[in-house]
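Okay, so chain A shows up in both of these, paired with chain B first and chain C after.
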Partner chain A sequence: MMQIKPILAALKRHKAGTVLIALQIALTLAIVCNALFIIRQRTEHLSRPTGLTESNLLAVSNRWVGADGKATESLTETDLAALRQQAGVADATMINSYPLRGGGWSLGADTKPSDKDNVRRPTAQTTLYFTDEHALSTMGLKLVGGRNFRPEEVRWVDPRDFETNVPVIVSQALATKLYPDGHALGKPVYLSSTKPATIIGIVERLQVPWTGNWAANFAENSVLLPFLLQGNFGNYLVRTRPGEMARMTKAVPALLFKTNRMRVIPEERGVRTFAEVREQAYKSDRGMAILMGVVCAVLLAITAAGIVGLTSFWVGQRRKQIGVRRALGATRHDILSYFLTENLLIGAGGVIVGAALAIGMNLWLVSHFEMERLSLAYVAVGVIALLLLGQGAVLAPAMKASRVPPVEATRSV
Partner chain B sequence: MLKMTHLSKVYRTEVVETYALRDFNIDVKEGEFVAVTGPSGSGKTTFLTIAGLLETFTGGHYHLDGIEVSQLNDNARSKIRNEKIGFIFQAFNLIPDLNVYDNVEVPLRYRGMKGAERKQRIMDALERVGLASRAKHYPAELSGGQQQRVAIARALAGSPRLLLADEPTGNLDTQMARGVMELLEEIHREGATIVMVTHDPELAARAQRNVHIIDGQVVDLSEEPRFHAQNARVADA
Partner chain C sequence: MFAYYFQLGLRSLRRNPLLTALMVMAIGFGVAASMITYSVFRATANNPIPQKSDQLYAVQIANWKPQDLEGELRPALTYTDAMAFIRAHKARRQTALYPIAPSVIPADAHRLPITADSYAWYGDAFAMFDIPFLYGGAWSQAQDDAHASVAVIGRELNDKLFNGIDSVGKTINLDGHDYRITGVIDDWDPQPLYFDPVNTGGFGDPIDLFIPFTRAIDLQMPTAGNNNCNTDPGNGWDNWLRSECIWIEYWAELPTTADADAYKRYLTGYAAEQQRAGRFKWAPNVALRDVTDWLDFNKVVPPESKISLLVSLGFLLICLVNTIGLLLAKFMRRAPEIGVRRALGASRREVYMQFLIEAATVGLAGGVLGLVLTGLGMLSVGWVFDEQIARLATLDVSLVTLTVVVAVAATVMAAFYPTWRAAQVQPAWQLKSN
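Let's turn to the complex of A and B:
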């Protein structure tokens, strides 16, 4: 500590190198803090529960060939009956989409009807899952209130023309959003219609099909409607019995083709275990996290190399000066401490600017890319990490400096 | 104050051993002003670096202010350099990044001296060399003579028991050299022990005692006619 004043005085005489390295530390801190924050957000998604019991669950994508509209009703019912009769199948359902699939329906949900001009913002955004009374058991959803659909409540509808004044099951998140007092059961929910649906059941959790940031605000707002959609495209979810997953992955498409060959089940992504669905849904997030992690590591390595380079250069440049200091009574520890303190002062300047930059950069990202606010804990950890990195990087050249002998003072350059 | 007995310094390489000092004996009493002379490569600077604990020696004994220094570790040697020895180098060796005040302060900081005492000592030392008004100047803003005066102030500020000067006027013109020499004489008159290595017979003649080194050994001046003649010329002038 006793050396701070002369070190500062000396640094003032080496402004260019000092400012450049401090700036490098500042930029590294700002970028690494924000990158790690984004990585944390991305990786948090990776393990986010969907609400489904994901083990022993198969997703099958089916497209009819030569049949559409009402004609698909009987074809689908035949498929579902065949699937449910399989010994290795616990249950099966048809659904327009499912969590992590990437595509589906979303609209506004409200406790009151829209006004005439439809200008009022709905209370909540939600996704719609069109399915039947087998959905809860097939998907492994946990019913925390109310009841399941009854078979007689389920009907086929034309996706272009239907009314939503039916019993619905909602996720707990949506129920709480619509009715914060906790009494959603039996209450109405308006789904872009003047006729309300009635909440008959609440499931603990049910994620929407999308994983992107745009859906983050309603990630668990879901409505199950007792409708099966006519049309040439649909998804089957199949719950296999324990230990039957591998066999059923092959047996299910074979069974479906045996039932009716006039269909397309894509080779790629046609039949997927839910583990594969999850893996593919978060592939870009995982890739982004890895990329950002690598960028952070490279940036930190470049900063450390910059510190090593500059300090080594300064040690070489000041070799005689170090010898003079040793001749005047400096111990090796004094010289080591000189360079560590010098680096700490430059680093401190860098991290102060860097912390401000990190927060500023985050505010810009928040305003432009729907990011969350950066936790100050990230900045604090980043500051400590950068200072430690600096001290670690400077250690080798500082040790080298401390080994300069005092007799160096008498040598001519 | 400074006593070397049968001291040797050997530089070894894989194929050759070079004796920089061999059976070297010298005894400098407290308060003496000794000039050390000798031709280039005779071992003058090696003697000075060993005397100033800047280098270790190979054999023999060296007592400094009553302490046998051969067994001291690096930290202890640093402490002695800091507290007992003041250095004046031919190239001044001021730290270019620090102003005059901060340069003089360097050894005092390593001593762990309190700020108020440091300030007092620095200003006293600068007053003494006539440069108190230049305290905020950087070395590059001073003449060679002024820089050497700052170096002397730095050496004096710690109140050392021994001043070691290596060609203190070697980089100065005649007028500046005279000024620096007068300053050293004044410091000596006040009781300091000074050992000065020099090539200059005129400066050597102004010391109380001359020690001549040839081939790493102290020689008796009476057996060196050339040196005797040079001294005579200096005396005639």
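Let's turn to the complex of A and C:
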């Protein structure tokens, strides 16, 4: 530490190089902090459980041709019966949407009816899943309270014309939100203005169809209704027996076309295993995380390389001075620590500017995109990482400098 | 002299292989990252109809109370308002439109039905959106008024159903109803899909099939896109048409700014009339947006695209700072050589020339590496972006040129300071110390 003053004096003679390294460290810190933060934001949802038992689950989207409305009831029932009888299939259900699918039905749920001006102020946003008594076993949901639907409770309805005064199963998250005291079973939940549904069952977890930020505050608020929706579009979920997945991926659409060929199962995304559903739902999140990861790695490598290059140049320039110092009694260790300290000083300057830049850049991103505020822990980690990187990068040239023999002092360049 | 300096530059690339490799890699990576993300940004921020983008306007009107709008006009209209605008016929051309999802039943009973990306709209739309025809043409306004069973199909669907022959006059069966084909569209794939960014997110497969809006309403074809209601529309189709639910997009062709102003006055007048009639309990709030404005409003450029472009530009900046430092080291190492040249009579100008050209050589090498990396990166664009966007990002001639130009220009700019330092070398001082 005795050396700081002479180092500063020496740096003054290399203003350009010093500023360049410090600037590079500052910019790298700013970008790496923000990139890491984006990675965390993008990956924290990747492993969020849907509540479904995702293995051995197949999702099929189906559109009837030439049939719509009420006519689709018997067609769908024939399909479901055929699916449930198929060897290799454990159970099957029809549902309007499912977790991670993207599109679906959402509305506000409340514990009270509308006030006298017919104004509702829903206490919780929720998604509606329209399905039957096979949903729990097909999706592999865990019932933590109450009971499943009974077959006689399930009805076909016109999606533009139904009342929601029926028994419903809700997710634990929604139950807690509506009834924080923990006693939601048997209680009413208003999904329309006047007639309440009754909570008959609670499942441990059930995610909404959307993964976007806008759905983040109701990500696990779901209601299952004992309604099958008429209309030409629907989704089948099929639970296969263990080990039958590969075979069923082909057998299920073949069976459906054999049952009735007047239908369209899209070539793309028509038949998907749930693993594929999950992969596609989070594709851009994962891609963005990988991209940012690659950018960070290359950026750190280039910054380290830049430090090595410039320090090597300095060492080369100062061989004579180093030789003089060695001749005057400086040990190899003194020389080594001189360069390490020099780098630490430049790095410290760089990270101070860089930390400010990182926060400024994040504030700008927050104001222009859907981003959260950067946590200072990231900046702290980034500062330490870059200082260590600098020390690591400078080590090789510094070792080289420490090996300069004292006899160098006597040579002219 | 240029050729000679260029040769010197090439030779000097080999002189400090490590420093040179570092610089070339830094420039290569920086340029490649910027170019890959720029190609995606360029595709998403594209103006899909540049010759007419300032003549086509999407129409918006506040039919919900201000609290329900959450600060911004919604991008869709009710059936009631759309029909009022169609009847008024105040623009040169106009159309209401919404996406539908009919299935095409092939005449050959052995073939399975297929879905086609379809829209219900008015005959005017084809001329409005400059859609090229391979055979036949649009249906007429009389056919719109007659709710005729006619259709226009895309080239790909024509290939699939009719093996590419002129199918005008033939019929196509949609969900059990026959439609007579009036025209086959030639290749037409505007991206972003500016006429309906609301339901497509801006990007999607080319649209294959169009039928008259009036016919689709007769057949009670529901929208295949978004439907938003602020109040319960009540049960059944007719209640839905009468409701304040919004699900239709509306376009007007207004060739001059005077036309646009007049149309806006018409819209404001219409809203005021609705207010007087008691349907709107708020002051008129309307908007006309041209194509670019409409794409901005619907936030068609995905945030991923903007963020990754910004991060890559930051990346390039760091690579350049890095290059400045390395060039400085490279050039200053040759101070004695510069001293000799200056002492032998070379002017500062000559020194500038030599080192800038040497830097350009480094930039060129970086550009070539950048080009290779950009090519590789293009293959992996699909990892980060939606397939529909990834397919638009291509390595074309303009991008190749841009890659090399950016690499060379950036390196030469980075070389200004190191070159200036090199030119400042005092010949006497260098010679003396030797």
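To be clear about the criterion, the second predicted complex is superposed on the first by the 368 of 413 C-alpha atoms of A that agree within 3 Å, B and C clash if a C-alpha of one lies under 4 Å from a C-alpha of the other, contacts with A are read in each partner's own complex, and residues count from 1 in each chain.
As a working rule, a residue touches a chain if its C-beta (ideal position, glycine included) is under 8 Å from a C-beta of that chain, and two chains touch if they have at least 3 such contacts.
Quick caveat: nothing in here was measured; it's all calculated off a predicted structure.
*Asks:* Putting chain B and chain C on the same copy of chain A, do they fit or clash?
*Replies:* Overlaying the two structures gives chain B and chain C room side by side.
*Asks:* Is A:D161 touching the first partner chain B, the second partner chain C, both, or neither of them?
*Replies:* In the superposed model, A:D161 contacts chain C only, not chain B.
*Asks:* Students often get this wrong, so check: with C-alpha centres, what angle lies at chain A between chain B and chain C, to the nearest 10 degrees?
*Replies:* An angle of 90 degrees, rounded.
*Asks:* Counting only touches as set out at the top, which of chain B and chain C does A:M248 meet: first, second, both, neither?
*Replies:* Once the two structures are laid over each other on A, A:M248 reaches no partner at all.
*Asks:* Which partner, chain B or chain C, is in contact with more residues of chain A?
*Replies:* After superposition, C is the partner touching more of chain A.
*Asks:* So, does A:Q321 touch the first partner chain B, the second partner chain C, both, or neither?
*Replies:* After superposition on chain A, A:Q321 lies in contact with chain B alone.
*Asks:* Where does A:S284 make contact in the superposed view: on chain B (first), on chain C (second), on both, or on neither?
*Replies:* So A:S284 only meets chain C here.
*Asks:* Applying the touch criterion given at the start, work out whether A:D334 contacts chain B, chain C, both or neither, answering first, second, both or neither.
*Replies:* In the superposed model, A:D334 contacts chain B only, not chain C.
*Asks:* Would you sort A:G306 into first (chain B), second (chain C), both or neither based on which partner it touches?
*Replies:* second
*Asks:* So, A:A409: does it touch chain B (first), chain C (second), both, or neither?
*Replies:* After superposing on A, A:A409 lies in contact with chain B but is clear of chain C.
*Asks:* Pick out the closest CA atoms of chain B and chain C after fitting on chain A and give their distance in Å.
*Replies:* Chain B and chain C, overlaid via chain A, are at closest 9 Å apart by C-alpha.
*Asks:* Give the list of chain A residues in touch with chain B in this complex.
*Replies:* These residues of chain A touch chain B: 2-3, 5-6, 9-10, 13-14, 320-321, 324-334, 405-407, 409-410, 412.
*Asks:* In the complex formed with chain C, which residues of chain A make contact?
*Replies:* Those in contact with chain C are residues 16-17, 20-21, 23-24, 27-28, 30-31, 34-35, 38, 63, 65-66, 68, 158, 160-161, 192-193, 233, 257, 261-264, 266, 283-284, 286-288, 290-292, 295, 298-299, 302-303, 305-306, 309-310, 312-313, 316-317, 365, 368-370, 413.
*Asks:* Which part of chain C faces chain A closely enough to touch in the complex?
*Replies:* Residues of chain C touching chain A: 18-19, 22, 25-26, 29, 33, 101, 103, 105, 112-115, 175-176, 232-233, 235-237, 240, 303-304, 306-308, 311-312, 314-315, 317-319, 321-322, 324-326, 328-329, 332-333, 383-386, 417, 421, 433-434.
*Asks:* Mind listing the chain B positions that touch chain A in their complex?
*Replies:* Those residues of chain B that touch chain A are 45, 48-49, 52-55, 74-75, 78-79, 81-83, 87, 89, 91, 93, 95-99, 102, 105-107, 109-112, 154, 158, 166.
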